[in-house]
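Letters are used for the chains, namely A, B and C, taken in the order the chains are written, and counting of residues starts over at 1 for each.
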Amino acid sequence: MDQPARPTRQRRSGRIGKAGLALVVLGILFLSPALLAQDWVKTGTSLGVEKVRLAVSDFKPSTTDPQNTALLKTFNDTLWNDLDVSGVVELVSKSFYPLQTPGQPPEVNFLAWNAPPPNAAMLAFGNLGAVANGRLTVQGWLYDVKNIQSPQILGKQYGDAASDAAARVMAHKFADEIILRLGGGIAGIAESQIYFVSDRTGHKEVWAMDYDGSNQHQITRLGSIALSPRISPDGSRIAFSALTKTGWEIMMYSLDLNRLVSFPHMGGTNLSPAWSGDGTKLAFSSSRGGDPEIYVADASGGNLHRMTTAKGPDVSPVWNRKTNAQIAFVSGRTGLPQIYAMEADGTNQQRMTDQGYAVSPNWSPNGQFLTLAWVRKYGPGEPGSSDIYLMDIASKQWVQLTHDGGRNDFPSWSPDGRHIVFQSNRSGSLEIWSMLADGTKVQQLTFSGRNTQPNWSWK
Amino acid sequence: MAANAEIYFEHDGWGRALAWSAGLHVAITAALLLYSALFYRTSGEGWGAGGGGEAIGATLVSTVPLPANPAQAQNVLANESKGLTQSQPKIEEKVADAIEIQGKNAKVKPKKKQETASKEKPQPAPEEETNQVAFGEGGPVSGPYGTFSAAGAKGGFGITGGGGDFGTKYAWYVRVIQQKVAENWLKYEIDPRITTAQRVYITFDVVRDGHPMNVQVEQSSGVPSLDISAKRALERIDTFGALPPDYSGNKISVEFWFDYSRK
Amino acid sequence: MKQTSMRSLLLAVALGTLFGLAACGGKKPLPPPPPPPPAPPAPTASISVSPSSIQAGQSASLTWQTTNATDVSIDGIGAVQANGSQNVSPTDSTTYHLVAKGAGGTQEATARLTVTQPPPPPPPPAPTVTDEDLFNQNIKDVYFDYDKSDIRADQQASLQADVAFLNQHATFSFTIEGHCDERGSTEYNLALGDQRASAVKNALTAAGISASRIKTISYGKEKPFCNESNEACWQQNRRGHFVFQK
């Protein structure tokens, strides 16, 4: 351990010393009123902060409508799951909850919650009720149960037509509000979407689903092979690559119009489109010039510029969506594919991975990390399993997130930067899975057909 | 700080005192080095080397915006032992002794902290009480933050009262600040030769939309890379989330300290 | 008095004879017989088939009508309703014989359905080899090493043979498909397959084959030739595959 030695002080004359003292005293007197007028908060850290313990009490019925039973189950299950996988809170197990749970603020018994066994720091509670005319109302609160004097952090009310889907949406909204506050200003992902490829109809088409795997529905009906769907930042269009009569083309599907919209024919094999963070540009791989290279065009397909020239396949570009000034991509220029990063004008191409077979880079929303699929040890006799890794761009340090020995690929970041969705064959068939960005809370999202290449929406 | 130092030395013959001071510094530094060499042998692997360093990967994970458990942040094997947090007080003990000579010169806040620590047994056993929150992680989720209110007078500037209101009413927000700064503190930016350092104090304002501004190093740790890494932690943060809507002020001011120790 | 007694005697004899005759020889004079019941009407039957001529495999509709019949049957079908119709699809010409029985008698009807055999299938064409057959029999695909798109030394012979064949049949146009094995990532494999197809095309054009005859497409690992997870199958999939373009 090094203890920097304190520099010894030179002696000054007494006079200056006295002046110094006066200065300090004056300084104190001068500054303290100003400082007293502000609200000061003092806190600190050395190692890390543990997750806040949140108790989520089942919402109670506020009316006697018979629909409430089913709606409450949907609401409570959805709310619990959204908070459980959020990565922001640690949910206190319901087996520790007191027998009496609140449906309204006056019913909260603080001592029952903030002491063991629940030992909770926060409590989410509320009520839900449908009425005869088909209207559903939900009231929810988030309380700091250790702060009995001023516990309320959040109080919300939602209303909609009574339906299972509405109960689900309200639970998502309430969960997101909790996560926004407890997670420090980053919006929750409970209403985000995941776009992916599924062959369950007999052809690989683009599909979409809620972030938790519900509401899976088909988007394209091309009857060919559609791959690499990428949703635009504003959520209005999906760019993807499909096999057409003229070969592999970049295609554009408008979710607003519910149909394909035109995108220019490029020639060659065109793959893996990627949106810039402001939605104005698309990067993609094209072999229109003979060798697959990275190109950048406007979102309409015009203004095409070539970014790479090296011999060897260059594919799978992804933008740094925070700065829109960098692109990471895969290149086989040295043999097995490796991840490279470059400026968005093609300059300063740098290799990021040092060995093995590295593909499918995806840049984190905060600009700091890449997630990628990597077979670090490649060759005969090696297990050949492909795992999801996290790499810090600035330092190139990495950490392995999956360890199950299967084939894991196509990781995609959630908009909150806390979750990664990916494809894995660990269940015996190719399916879509999600996890927290530290490798925990791994969950399977799809269960039928073969499902691949997930892409998380931007909000 | 220079002014404070002068106040202390103003009337004393300094020659002998200086000699004693220097001698004691050397002795204690030597003792610390010996102590650390014997008990804190580090493996010295994998810092900073690009592309390698799986051990460092564990630190890397803690920088993803997820609140990490302290044990995980230091060890891939998720060692649940509290050994690391408990070893800190031992070092702090020595530091407290070393500083005592200048104790009255240094800011009152850290002195208070170390005085509290020095009141404990000089050689605390590793299995110290686990409710020690001396290093600010976690603590009670809502205020008051024991480490500061227990310190009584808030340092040389005499801040009291006004500073406590926000923390009491919106303790959950203070916790969010703590968590976000901890998440964004990338310890691998610190000089790898440093294994522990004095506390660095950073001040900043948080405006209504939750954005931190006016990030300053209020008191240096003496280790430049640590100071910079602490400042950078703040600069990385876009927002802590909007200030609570029913809070009447336009901003709050935060003084945040960082204790660093590398195993 | 003899005459009076004679008369009485004669009367008696006449009466006796009359009685005797009536008793012995003749019928009693019956009352007139009741009128006989009216005779039951005879049943009618008719049967038809439409169309009356079909080809084997087609079907026709058999329709019949009867009146005053309690028991109606058609040969080959069995008992049927008094009136009805049915689809039939015999393989040979058939006469449908309907029998309608009733109290008034029996009536029969027939309908004839002619079944013509379909024209015989045309004789198989004389075994001439098509251009496509020729192409597929002679062109050899080019196989690649893992993650490589350069032409291996041991594939040069195949390429030379292909060049020779293509020179002999200068009108043949074709597509080269680039394929990869199942390991590796979807996007990268599509790009690699593209390179493989290009590599084969470039080798052919360098040897003088006109580029206008050659199209290329990559299938990556999307359309494998086999699905096992072993090196034999993987090598099968790592190829540039030639497809004749008609």
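Rule of thumb we're sticking to: a residue touches a chain if its C-beta (ideal position, glycine included) is under 8 Å from a C-beta of that chain, and two chains touch if they have at least 3 such contacts.
Every value quoted in this text rests on a predicted model; they were computed, and no experiment measured them.
Nearest to the global CA centroid, when each chain is reduced to the mean of its CA atoms, is chain A. Highest inter-chain contact count (C-beta pairs) belongs to A-B. Averaged Cα coordinates give chain A a centre that lies 59 Å from the centre of chain C. Computed centre separation for the pair chain A/chain B is 30 angstrom, with centres defined by C-alpha atoms. Each chain gets a centre from the mean of its Cα atoms; for chain B and chain C, those two points are 88 Å apart. Not a single residue position of chain C touches two or more of the other chains. Interface residues of chain B, counted against chain A in their complex, comprise 2-7, 9-11, 14, 18, 21-22, 25, 28-29, 32-33, 35-36, 40, 48, 50-54, 56-58, 60-70, 72-74, 84-85, 88, 91, 94-95, 98-99, 102, 135-138, 140-143, 145, 147-148, 154, 156-163, 165-172, 174-183, 185, 188, 193-199, 210, 222-223, 236-242, 244, 249, 251-261.
On the side of chain A, the complex with chain C involves touching residues 204, 225, 227-228, 243, 247-248, 268-269, 271-272, 285, 287, 290-292, 312-316, 330, 332, 335-337, 357, 359-360, 373, 384, 386, 409-410, 452-453. Chain C meets chain A in the complex at residues 147, 149, 183-188, 190-192, 194-195, 198, 217-218, 222.
Residues 1-6, 8-9, 11-12, 14, 16-18, 20-21, 23-24, 28, 31-32, 35-53, 87-88, 121-122, 144, 146-147, 149-150, 153, 180-186, 352-354, 366, 368-369, 390, 392, 395-400, 416-418, 436-439 of chain A are the ones touching chain B in the complex.
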